[in-house]
């Protein structure tokens, strides 16, 4: 099983049971097809996406696993952050449908051929897709929610540490003085 | 009682004695029955739902206090909001609360309902439940233990017996505009039906 | 005098109904390994519901539904004699008979079903449909047993049926009929495995989904009285009724405890399964019992 | 013409059939309806078998023509075919009787002279006629189709009146004319079971219908099934129970069909899946229907219970435990379709696009009348017993006790209608008062979609109406599902195929060559000769 | 307009739903003609929050991803960080981790039993099993200080030494549970009424199931002995003896039987852990200081077998002290959508809760 991959692709050995290989967006469907037919990696178990904002790309990871569930192979595919569509794998793997739906909502990535790209977890979200790096959750929170003002005995941790240090210092100084 | 988040509760407890003396016998009896029979709509909005089963089953057996779980909001007296609320859930919680019959009370379970708790910087959880719904009793902790929840019920019993005009459902009725404005601000265009419109208050 | 008698009967049914309901909660709590609520808890619940400040209604039929249901339960209590002798606690039983009571048992639920339907809630109607579907199988064994008892006594009159058992109660004279009726009775009491009607995990709360406040209180009160009436019916038909109130309490209590314990160790049958089960086993028991008559 | 010992019976049936003039309300097919009334008069008051048959046929044809204005051709064919079959059976029975008696006059018939085989043959033929008219299961297809395709008003007539003609025929034939005949008891036993099986199967079929009138048609079949069962006992109290049930059933079906006619006039819809939520639009109609279905379900507090009670006690008296069990089973199953009827139309959710018309006021009159009678009968259950008892005496049975109008007597006990009504009324008023006085205020939901819906909010286009789904689960129940399939339709379709094949074969006679015809003729001649010797 | 099919929601506020989610059902009668899962009621944006937190800060919230069984999350998090940062864990710490994971598994199975029995109205089982689960939670409290959330398995080891006499108490508890399991057999698994409800319902079968990415009892219930503890071992599972129970029917009852056997296997593993655990040894490696604890710009994927199936973490570092991306994959994501939706079609409404519980669908791990 490994030999086929070794022969045809530049396989990265991450651990003895976890491999990775890089594909381009165009190669993806073809490679997947080859791998699922020629090796035992025939199950899609996870679809990941990492936002490398400084490199202007999303890195999608198609995690494949074999029928024995003993080895994992990750197909990595980088796409530009602005041109965000991918071919859908829904016809290849039934479970891809919902994973793509999730990434669509969280990153705004379109999947051509997936009919179910409606709301997944969020209802009526009209801001930047939340998992993109440029989305600042704290700013969003500040804009949309009110925080409860703290208790009266609520202490600012940093101030308090400083105060205590100062107190300890002065306490140290006082006995020396006395 | 010096710990935890209690200023609002504390203020109520202080008033309790003075209110009690002004109640008639019948009012006291009614309040007693209300306090000793609490039908709970346990809405498992978040993690808090996991401590609900122990509370209701043989280890902690909250049925001793007359607390019973019911299935639908119509039958319930007390709504437990068990943990963080995403706006999507909050809509359903509000809907359920509005379908309950007065007098109705809310127990906010867990730190997340008080101030967002662990998820203080999450874009999808609310930080202050009492902006949107009148919370009668908060039980803090992450997770609050079943004992804490029972304590919350006992305190709520006291509050119900005090028959205070500060009770949440009265607040919700009288200050509906305030709560509604907060809800609308959060939900934007996707608002729920208006509580006032649903109930014409017609007496048959 | 009659009026006083009727009121006393209603009072007894109401009181014991709630006591048994409290007992049920307590006993099943013991099975669960906990203490459970106080005996009067159900009574407190109903009072609390009566004094809720508001109750939601969907119109006049919704309002009348629980009233019809409760009236049906009242009629049931009044038309079943409590004792097998004497003048007191006979109620209106001389004005009716077993067949009347068998039909009165369905009157209330049907009336309430109208109220449920008028709310427009699909869960309520699904509960009603489940109830009526289950009913068609539930009644058959009970009817067969009742027919056997009536033919045996030569009358549909409660007094005569109970007199006919003065030497040997029907439970021992016709054990198969008793078995058939008892299985049905479990279903009538809404006990597992025949508790499909209001199954919260399936149809929310079934027929009770939309009822709140005083409506729910009325439904609770009537169900307490109604279950006492069902116990009475079983005692009268198969255990020869009771000579005095003490015996009545003892007999109904035994029957009740049996139903409670059986109920707490069975999983709920689905509608189809309960119908199929009831049509097969208890009905066969009933038919064989009738053949042996 | 009136020289006939069962005049009172005829009065009863003709009295009921006067309702035929109902459609005068709408002035449609007036002549045909009068013809139908005439034919019923001839049928009921006949004093000879010839008149009886003429009445029977006229009834069939006049209703056929009335039906023709609205029904599909296939339905009409089915109607006429089944009715012709029944009529031929009747004719056969009459012919046999004539063969033995030499007269068609009622007074000349003495059944004790008939040999057993002839009596049984006559009985069988008559059974066929009766069963076709009452739609015993297997012969019921025409009933359902014609009821649902007639004009709404004519459905009421079909169900309330015409379905009773078979019952009349049975009573006249077996309890009056052929009373002395030595009919095999097994035949009646079979008839009793056929009746109860019909009622069970028809009840389940009724539950699974989506169309209001089809549901009621099956319900009619089921109710007539009880009557057939009870008549098969051939006892006086059974006859009275059957007549009482006939009376009640006429009232109920009149009420229900007229109610549905009103609904059809208002909404132009016929299916539960298209209706719903009419209660607040037509509360009076709703109440009338509720009275109808409570009576139909045989609940105490309305007249429907009286006849059920008589039927049950009659069966008890005969110690027919299993038969009674089956009847009660069918009766308990009927609750489901009763509820489906009222829920599907009046309760539940209103359809979105509902353009409503006004119901003709005249439709209310018969409904109000029947409802009032049903209530009256509940209060005074023994009211018709006196009359029925006289009919029974007329036919040679023992009279019934009707000393107290409030009490319905039977050998197996009695009940007091007034006490039941009174107790219910007092309990109802008291509880209603209690509810009104309760501390809790009733708050009416303004938006009908404000229902407990698991926290979600139903949209206005979400379908929440369970009218179609009610009873759908019966298909899953192993012993009910086979009953719901269209066995009889398949059977008759296959028969019609065979018949058409056969007629094709016969028609080939015309195309035979001359030699073949000669040969066949010779063969036939030889056979005849042999037969003659 | 024909209105034959009604639409109802099964959840979110419904006693028959497993957690805060909903299934939109189209019903013909009570027969389901279409089912659609709705989630998002519990979305908190964990993956976003973790991007803003240092490792120790992230550690405190990862356990909250799954409420019934938080420890696989902690284990996954620790394993992923250790793999990226190149940290080795001592044997003793690994044993303790295995112990914690198996205790959590046992607790989750008991909780599942309550849900499964509750879905068929057999409340008594739930009352008992939640009590027994509470005894496990008591031990957790002694060990970690928390009943539900333990925050115990930290990258580099575990956070605390075992309290005195802990293993003896655990062993006593296991004896007790062993006895209780027999009681559950009588009341629940061998109960004819439960069998009647569960056999032949929610059948998942065929070779296809492997390709569709199912895991856990769904696979083991239809004859595939797949268990990451054996197939892709982590911690010390390759040194422990245990069986992977399977059933072939693929229905609700088969999955229940698998879980029944798994509870016994967990007890067996725990007994081995108690016997084999080294008396002495460090429980925590020396770690870089809080602000210096960085992950290299690399990624990895780790997965453990939770009580419901494969629970995997994808983790990518970027050289800073924050985690660049952590993506959680719980078994429920696939089960709740691509398995549940078609599985419900044609079933009765009564079986919805039954099937959902049997698949062990837990919404917080679907949407995080």
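By letter and in written order, the chains are A, B, C, D and E; residue numbering begins at 1 in each of them.
Please note the rule applied: a residue touches a chain if its C-beta (ideal position, glycine included) is under 8 Å from a C-beta of that chain, and two chains touch if they have at least 3 such contacts.
None of these values were measured; they are calculated from a predicted model.
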On the document's contact criterion, could you list the chains that touch chain C and likewise touch chain D? B, E
Output for shared partners of chain A and chain D reads B, E
Quick check for the class: compute each chain's Cα centroid; which one is farthest from the centroid of chain C? A
Based on mean C-alpha positions, I'd like to know which chain lies farthest from chain D. A
The larger set of C-beta contacts, choosing between B-D and A-E, lies at A-E
Which chain, with its centre taken as the mean C-alpha position, is closest to the global C-alpha centre? C
Measuring centre to centre with CA averages, how many angstrom lie between chain B and chain C? 36
Could you tell me the distance, in whole angstrom, between the mean C-alpha positions of chain C and chain E? 43
For chain B versus chain E, what separation do you get between their C-alpha means, in angstrom? 31
Taking each chain's mean CA coordinate, chain D and chain E are separated, in whole Å, by 61
Multi-partner residues of chain D (each touching 2 or more other chains): 439-445, 449, 452-456, 464-466, 469-471, 473, 476
Two or more other chains touching the same residue: where does that happen in chain A? 121-123, 130, 135, 137-138
Multi-chain contacts in chain C: which residues touch at least two other chains? 32-34, 51-57, 60, 63, 122-123, 126, 129, 200, 204-205, 209-210, 213, 271-272
All touching chain pairs, where touch follows the definition stated at the start: A-B, A-E, B-C, B-D, B-E, C-D, C-E, D-E
Within their complex, chain C touches chain D through residues 49-61, 63-64, 66-68, 70-71, 74-75, 78-79, 92, 95-100, 103-104, 106-107, 110, 113-114, 117-123, 125-126, 128-129, 132-133, 135-136, 139-140, 143-144, 147-148, 150-151, 154-157, 204-205, 209-210, 213-215, 217-218, 271-272, 275-276, 279, 286-287, 290, 293
Which of the residues in chain D end up touching chain E in this complex? 210, 271, 273-274, 276, 351-353, 453-456, 458, 462-473, 475-476
Okay, in this complex, where on chain B does chain E touch? 41, 43-47, 49-51, 53-54, 57-59, 69, 71, 73, 84, 86, 88-89, 92, 96, 118-119, 121-125, 142-143, 145
Of all residues in chain B, those that touch chain C in their complex: 30, 33-34, 36-37, 39, 57-59, 61, 63-64, 66, 68, 70-72, 74-75, 77, 99-103, 204
Note which residues of chain D are touching chain C in the complex, please. 277, 279-280, 283, 286, 290, 294, 297-301, 305, 308-309, 312-313, 316, 319, 321-322, 324-325, 328-329, 332-333, 335-336, 338-339, 342-343, 346-349, 412-416, 419-420, 423-424, 427-428, 431-432, 434-435, 438-445, 448-449, 451-454, 464-466, 469-471, 473-474, 476-480
